[in-house]
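Each chain carries a letter (A, B, C and D) given by its place in the written order, and its residues are counted from 1.
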Amino acid sequence: MNEKLQGFPVIVEFPIAWGEMDPQQHVNNVVYFRYMENARIAYYDRIGAWQLAEEEGIGTVLHSTDCRYRIPLTYPDTISVGARVTAIEADRFTMEYRIVSNKLGKVAAEGKGVLVAFDFRKNGKTALPEVLRRNMEALEAGMIRE
Amino acid sequence: MNEKLQGFPVIVEFPIAWGEMDPQQHVNNVVYFRYMENARIAYYDRIGAWQLAEEEGIGTVLHSTDCRYRIPLTYPDTISVGARVTAIEADRFTMEYRIVSNKLGKVAAEGKGVLVAFDFRKNGKTALPEVLRRNMEALEAGMIRE
Amino acid sequence: MNEKLQGFPVIVEFPIAWGEMDPQQHVNNVVYFRYMENARIAYYDRIGAWQLAEEEGIGTVLHSTDCRYRIPLTYPDTISVGARVTAIEADRFTMEYRIVSNKLGKVAAEGKGVLVAFDFRKNGKTALPEVLRRNMEALEAGMIRE
Amino acid sequence: MNEKLQGFPVIVEFPIAWGEMDPQQHVNNVVYFRYMENARIAYYDRIGAWQLAEEEGIGTVLHSTDCRYRIPLTYPDTISVGARVTAIEADRFTMEYRIVSNKLGKVAAEGKGVLVAFDFRKNGKTALPEVLRRNMEALEAGMIRE
């Protein structure tokens, strides 16, 4: 268990690709958002978000996102990326991310995203489905295990 | 008209992105396939391939592709990428690509891809639709204008 | 001149790539940061930032960045991305970005980044070079023309 | 040990990223070349290629590459990518790749690349360094262990 990611119920781990580095010899800033997306997708796997999207046509769209870079990442390394939901509102929630370099044992970046519930059949915003709220709360409370 | 692309009925032009370069300070080899894809997609725009895919559920899948790198590409530059169909068979065709650096006035790479007709509703290979063949032949013969 | 980008001294324009779309059939959220990077790089071209980095070893590192998504982008489209500097401090500055869909005539996203001056030879933060400050101010005041 | 990768002395394994899929709902064809690059880089780690490049300024450039797609890849999955050198000539060698879907237990794609020795200080082609040849032969013969 990665102590830098305590409190994050979903953690994904994968190697940095050499080709993700740019001419400045470290991982390009854009790629950090792919890393955070990887953790968000894994979180969605855990709360049944894909199934809901398929069955009911209700999912989320990304309203906004940000990243605070702390240290550069370089190949070779593997990183662990944590995701947790820190606020749930009527039609949206906030997900926080933390990227840890396993080689350096340090936090490389932190970020967050605001996700808004979206009805893809009606093509408009909607209320956050109760099942997603419940599953997120259960996952954050440690009540959903892999 | 780019003389290095004579004989290519479809040409797309766009700037290289700085972030497409890798630690070796030139455009990463993987990105050339994105450049060739851009030209293939533009070719498909011209022969009505998307409309056919939507209406009939018949499109193509990429069977194989290759690239011969000639000179490195670097930011800043704009490139022109040509696409042409050089062979049409019963269930497939071959598309050739040429990437030209406009800054250097030189061919940076050449490649090709074999595209196989695919019925997405039946989830299997199929004969090449006659309308695609006709439109490709007309485009290559200079009979379809933008 | 794109009226949605009034007040942005640097504007880059380029086509969306089909392959930048994800399974949700619109441009993946990560790619917007590449689009913003493209505008930042063009801004750096205009203020002599690369030359300074090469001669003096002083450049910038990205401290943080964010994006507010407004409308989805889809192929085919060309976008215009504006960059402007809105605040200059002793060791850093803030750059704002706006992404406009030329097909839709609408703002697709807005973002910003904080760039911190960095001495790559000493491997540490440094004061913002006077020449960069002067050139940014001149560019924002409309005193540097392409 | 992945039996589909018998005979490949270097194997890398990593998860597919959701965002590597395109609007056709499977991993975009371009990404397969990133996957193969990942294996090539790992191979270079094993034969001391980076060290040689740093010390002597001699490395390789990619002359050409290709890929034969066999089955589509989709998230979620992890893949194993094997690399092996199949031919060594005076100034170049051929590396073969095989991409295996661990979810499907099937070969998803096969490819190869031709790498040419390059003297980055003299900016020209050169003979393949003897140490690289020896290390590749030893690695292929099973004489270099991780």
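Couple of notes before you dig in:
The rule is simple: a residue touches a chain if its C-beta (ideal position, glycine included) is under 8 Å from a C-beta of that chain, and two chains touch if they have at least 3 such contacts.
All figures in this text were calculated on a predicted structure; none of them were measured in a lab.
Most remote chain with respect to subunit D, judged by CA-atom centres, is C.
Interface comparison, A-C versus C-D: the pair with the greater number of contacting C-beta pairs is A-C.
Because subunit B and subunit C share one sequence, their contact can be compared position by position; here over half of the interface residue numbers appear on both sides. Annotation: 25 Å between the Cα-based centres of subunit A and subunit C.
Centre-to-centre, using mean CA coordinates, subunit B is 30 Å away from subunit C.
Averaged C-alpha coordinates put the centre of subunit C at 35 Å from the centre of subunit D. Counting partner chains per residue, subunit C has residues 18-19, 28, 30, 34, 37 touching two or more of them.
Those residues of subunit D whose C-beta lies close enough to touch subunit C in the complex are 18-19, 21-23, 25, 28, 30. Against subunit A, in their complex, subunit C makes its touches with residues 28-31, 33-34, 37, 61-69, 72.
Within the complex formed with subunit D, the subunit A residues making contact are 12, 14-15, 17-19, 34, 37-38, 41, 45, 75-76.
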